[in-house]
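The structure appears right after this line, and notes come after that.
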């Protein structure tokens, strides 16, 4: 068992190093691409550096996901308070409805409304990214046993104490699962953001598609996939560290997850 | 006839049955009873081969169950379990018709059979046939479970705590219905329970088990009268004499003499009741005997404290 | 307040969502309703309802007041819900009518023969307020009211379209110029999505059953499939190109089958890989939630392994598996859009062509049918999951 887990650790370190070198060392990347695509002459996309595109990508995702998580979370908490209860069915219905919208559709609509560039993309990612967080916040809070809340109130907790000390801790796992879904979707949609001029890793993929250069496509695709997988893995570690794995999986809560 | 012959069953290293031997005569209700985990359900599942023994034999009509094709064996044995186990996506009617369907019976036959059986178990066929299991109460689901087991008219029924999940009042109704049903149908039944009162009520024979062993195999009166060891004595409890009276019918011990009975007496007992009930009623009146009436409320005779005492003592000494 | 019977009279209270819908609708009255463009790449000028037509503004404002008034009048809750849902439907249809009347007349007035009316903020806000009212109240209304209203809305829009009243709307213009291609791309879109989801069902369901039956298989299958789902769609499409190009060069018969590095083949494969997770996961879940007592009862009655699978396990599992297919289908219809970037067919071609030409109307023309498809597919599955399999209605 121990030997196996250390083997996994070593594998991860190696993968991480290879991935890092691929992104940050042009010569390493060129070597790999030359082996894979011997027929291609132009292996390295020179217009923008890969680390730069990665940076753009991460800032797109980070900015939109932080904003979306805050908004989704606040809205979710609001509609589960007594003052916002009236909106619960409405928000739930609209958000379920909106989740059938493909993220790419929202991204594409950002252009007619807001134009080209970084900010419209952030806006689109933000808009769609709200939904999983919102849904899971509502679901997480709603699934807290009503008896527990009553017990908390019975001990004389104020509404905000009930929220902070009973509801949110119990809903945290589901909410984090929603954030995870939201971030992964945003990483994917941000890749397509290149088509509305947002920069990011999609840039080199699109350039490769336009110029029929498979090496470019591969460069961008591998990097984007690596970012997504690493982020997902980070989240799963986070969930393992912070939440007891015994109290149920998150699988039930992201069944309407889109990827893009 | 079903025989258990030195049956041994392991779960991993845990020995659930440790050489179990007993016989289940035809046309009788044999109750397996014992504390939780003693191997009752395990024994039952060996009969329809949901489990296979590690040693020893289970025989049905002299043939080892191993020699039957497993599905055929099971289709010839009705099986009722505690939570009914009705298939959630089928109507009551289709649930009941399931085994006949497996046996290749046609649709109209199955439908008629389902309606007949619903009638038999006391559920209105027309309002229940098309319901889904999720629309039934626990007791209703349990009855449907029994109906389903009876559908293919199997000679043998296995019932694993069939009334375990039902509230006490309904349980008694179900038990009584089961008893009168069994009087009509004369199936060979193995009935698992850990409720001694239930066992005493429905059993023709009782097999008392403990830790994978048979402690005593006897008629209920015998078990209550002569528990064979300390465990059995403790299991049947200190009120075993009282329980035993539950086995005897008033009609067998009453006197035909109606002259000594004041017809105005309010307290009486039906002839179909048990001596235990009769005793309970006598203890509530100042006299030491009460009238016995029939179903039409006519006085048939009387039952006395003395007769009950003699029955209890006499039974115990035989 | 609102009870099941609907007979009780609601208290005199304007509910918050009503206020919310009215505010959104009122905002719509003040925002530009349309952008009037001289040609398809023109930035255009905004046209708000107030500046265009006073009578219509009054009518719309009246429409928006009705929900408030209705909320104040005493009446059975069901009837009120029906009224409010009805007003919502009017608000959904009205903007189109405005486009057909006000919009078109402005074009005539300004002598813009080739001009077009592009729906703008106000247009969408009015529709949104209608949707809010509708979704809030259609369920509480009498039996079939909601369904009838949906039919009525669709019918109204279709008739307007059919009578040629909507021709001046910008994206309808875009549609008219490429009507034939529109249908071929629509078919291509559906075909790609259907092939991907279809093959994902063929693989995902057995894989789910196998993961349930053989616990050893479970972990590797699940990690690979959920890893695939994590990869951005464009990246997954991109990763398909190189190996497929290589294979088709190596084996000519593949090329004859139409398998190349770009085009439909890599798209279908990537979309197939994407659809696996929801189907696999729901199949697995559906089997693992099965009550063991029911299985034991089935076995005890003498069902063979095959009968257990087909008469018990699959029927009970079907609604859950169907939900997985539903998620996969909705998701795939969206992702097929992206596949246009690697040369596959489908409605994504309009969207990305629109983005390439900076032609907003073309983008909208591409996006609308994609969204409608996603919603329709979602609803159709919802309908079948809810109705077709009675008895088991618990799992969503």
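We call the chains A, B and C, going by the order they appear; numbering starts again at 1 in every chain.
As a working rule, a residue touches a chain if its C-beta (ideal position, glycine included) is under 8 Å from a C-beta of that chain, and two chains touch if they have at least 3 such contacts.
Predicted, not measured: the structure shown is a model, and the values here were computed from it.
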Topology of the chain contact graph, where touching chains are joined (line, ring, star, complete, other): line
Chain separated most widely from chain A, comparing mean CA positions: B
Chain nearest the global centroid, as defined over all protein CA atoms shown: C
Pair joined by the larger number of C-beta contacts - B-C, A-C: A-C
Centre-to-centre distance between chain B and chain A (centres being mean Cα positions), rounded to whole Å: 61
Where chain B and chain C are represented by their mean Cα positions, the distance between them in whole Å: 58
For chain A paired with chain C, centre-to-centre distance based on mean C-alpha positions, whole Å: 22
Of all residues in chain C, those that touch chain A in their complex: 15-17, 20, 131-132, 135-136, 227, 229-239, 241-242, 245, 261-262, 274, 278, 281-282, 285, 323-324, 327, 330-331, 333-335, 337-338, 341-343, 348, 351-352, 354-356, 358, 360-361, 363-364, 366-367, 370-371, 374-375, 378
Contact set on chain C toward chain B in their complex: 291, 293-294, 296-304, 307, 311-312, 315-316, 389-392
Partner chain C, residues of chain B touching it in the complex: 48, 50, 70-77, 79, 81-91, 98-99, 102, 132-134, 145, 148, 158
Touch list for chain A against partner chain C, complex: 36-37, 86-87, 89-90, 93-94, 97, 100-105, 108-109, 111-112, 116, 184, 187-192, 195-196, 201-202, 205-206, 208-209, 214, 217-218, 220-222, 224-225, 228-229, 232, 251-252, 255-260
